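Shared chain: chain A. Partners: chain B in the first complex, chain C in the second.
This part shows the complex of A and B:
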């Protein structure tokens, strides 16, 4: 199923994984400061697959059966794409409890509190992670606001018409342990074929900078 | 006298970035390994002056490896080089006996400075 060799070499994949590791570490540190907990990071695993293989990859590897929570955020630039953060359906209440909202806050957030909190968590993690990644690659990006969906079926229908069959998904699988709550999540970036070249070029420049 | 450095990181790229950041004007003998277990096994026979240790690794993470190294040698010099830059992680790791906590990616100036600083104390 995995088709990583067609996008990046083994060394490029290792370097991207290391950069994603650094970027996600920064994102986790920012989240930990905001909600005053520690985020235990697992060993991250990076793979790249073709976009049409992504639903099978996710459903086969994550404990998500039919529904999940999705935060998506588009970033634009030479290596632009869409970042998705996926959590199991039901995790929204875990996130909500971590923010220790008082009654007034909950009233202000109204019935949409779960989605608002999920979008905020996604914004912090995606924003810090993607920013750091492309900062390390010296390839700037700009963002559209994040969009959170609770209880979305994740499958072919979700992607239909949005991406071409040649587009690639750069998947970072990682687990979060937030205080006593264990929430496993996936962060992945979907980039079109044309952005693979600039990413490869940026990786080569990064290696050169250490020579 | 050659300075002996053990570099522990599961990422080949991360090890490459660190090796290329080591100062060129002092004699260094280095070894690489990919996880905490290998690090602990190599530590005693190689007897490094300095260990650069990542935290998030498969098989055995850096935190467990640090604890085992400090049990073997309470004067071990271990510099943590990590992406996990949370305050709570820093406090936990420094309490275990790490001498420095450096955030990734390695920077030639910083790595050069901390290695030379230690080399001066070994003369």
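This part shows the complex of A and C:
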């Protein structure tokens, strides 16, 4: 199913995997300090697939149920793309209890705050993981505001018309363990063909710096 | 004034720029209008000295994230209400004391590509928040009694039962209706009947904690959810409601009426789902009716 050779060579994939490991290690430590709860990020497993293969990949390899919660955030720059953070449907209540609000910020009844808290949490998690990666690649990105959706099917319909068939999804499967509570999330970075080049270029420059 | 400065001063959102020490470097005209503090008043000062209210977890967490990761942080008005405490004047002040705000914390990079400032964008969301509040009231509040309606109850029951399942904290329920209410309506008229219902809700509200949830289930039937209350505690509350209503007299001209309630109670112990919990309370209510009314009963099935 996956078609790694059309996007990255074996060396590039290995290097990207290694960068992810370093980036996520740094992100976890800094996240723990910022959100004031212990965070463990498992080493990400990196795979790349064509965008049209992503729905099958998700439902097959990652065993996400039909409905899930999605935080979507676009990052712009030479290697820009869209980050999707996927959590199981129902996890929003865990976030509400984990990410304590300020004491004076008592929520009103029926505040419908699940989407907001998911967006805020997702924003920080995406920011931590993605920014560390692109920092290491020395290819800065800027972000648009996050958008959260609760109970969405992450399948063909979700992607319909949004990406070209040649676009590439860099899949980072990682698990977040927040305050001893396991919340498994998946991070996908979808980059179009034009941004794969700058990523390859950034990797090449990184190789040179070690030579 | 250059073009950037003109945009900064005329744009209809608040813009504040702070450095890594949280000292203010920019403060646009929008902020001056709502804070009564000019840029000269605040420039160079710590934002926490100007507004000690900002010294809270969400803001410092957001700023740390921006400086550390260089990402954009969004603070929604739904979760945080506001960042800068700007008092509201006029009609919206009946809904909120302060301007409701959504805020963005945005990284500003220097020539070396390091984030050395954060730009705070402040959007006034008060109009939207008022509309949202009005819509929620229409959706969830019973127009006659001002208690929650059945739709609100169904939703609350679902949330509270899920919480009970997650935490094991008990959940009590009281279902009650007014005894012989049809006779009150037939004798004194429906307008007086409405007044009785309003008085019953008012009396119940006085006897309940703020976290308890009273709803009009339909007609003269009411339901009350009691978080963290087992069956014994629920019985005490139900008895208190029954006694309070029994002692109450409602007067309309020369007429003076007393009413009583029959109540069924249940708690979440031995209930697998919320439907069973509601059914047990309903069975208790019918047991109370069967046994002579003006009493509190559990299901006898």
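Everything that follows uses one rule, which is that the second predicted complex is superposed on the first by the 196 of 211 C-alpha atoms of A that agree within 3 Å, B and C clash if a C-alpha of one lies under 4 Å from a C-alpha of the other, contacts with A are read in each partner's own complex, and residues count from 1 in each chain.
Keep in mind that, in the parts below, a residue touches a chain if its C-beta (ideal position, glycine included) is under 8 Å from a C-beta of that chain, and two chains touch if they have at least 3 such contacts.
Just so we're clear, the structure is a prediction, and the values are computed from it rather than from any experiment.
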Task: Applying the touch criterion given at the start, work out whether A:33 contacts chain B, chain C, both or neither, answering first, second, both or neither.
output: both
- prompt: Should A:149 be classified as contacting the first partner (chain B), the second (chain C), both, or neither?
  reply: neither
Message: Quick check on the superposed pair: does A:210 touch chain B, chain C, both, or neither? Answer first, second, both or neither.
response: first
Message: Output check: A:17 vs chain B and chain C. Expected answer is one of first, second, both, neither. What do you get?
response: first
Field: Touched chain A residues, chain B compared with chain C
entry: C
Message: For A:126 in the superposed arrangement: first (chain B), second (chain C), both or neither?
response: second
- prompt: Which residues form the common part of the chain A surface touched by chain B and by chain C?
  reply: 33
- request: Would you pull the chain A residues touching chain B in the complex into a rising list?
  value: 11, 14-15, 17-19, 21-26, 28-29, 32-33, 38-39, 41-44, 136, 207, 210-211
- prompt: For chain A, which residues are in contact with chain C within the complex?
  reply: 27, 30, 33-36, 93, 100-102, 104-105, 107, 109-113, 116-117, 119-120, 123-124, 126-128, 130-132, 135, 140, 142-146
- line: Within their complex, chain C touches chain A through residues 56-58, 61, 64-65, 68-76, 78-81, 104, 107, 109, 113, 136, 140, 152, 155-156, 162, 166
Field: Touching residues on chain B, where the partner in the complex is chain A
entry: 10-14, 16-17, 20-21, 56-58, 61, 82-89, 104-105, 108
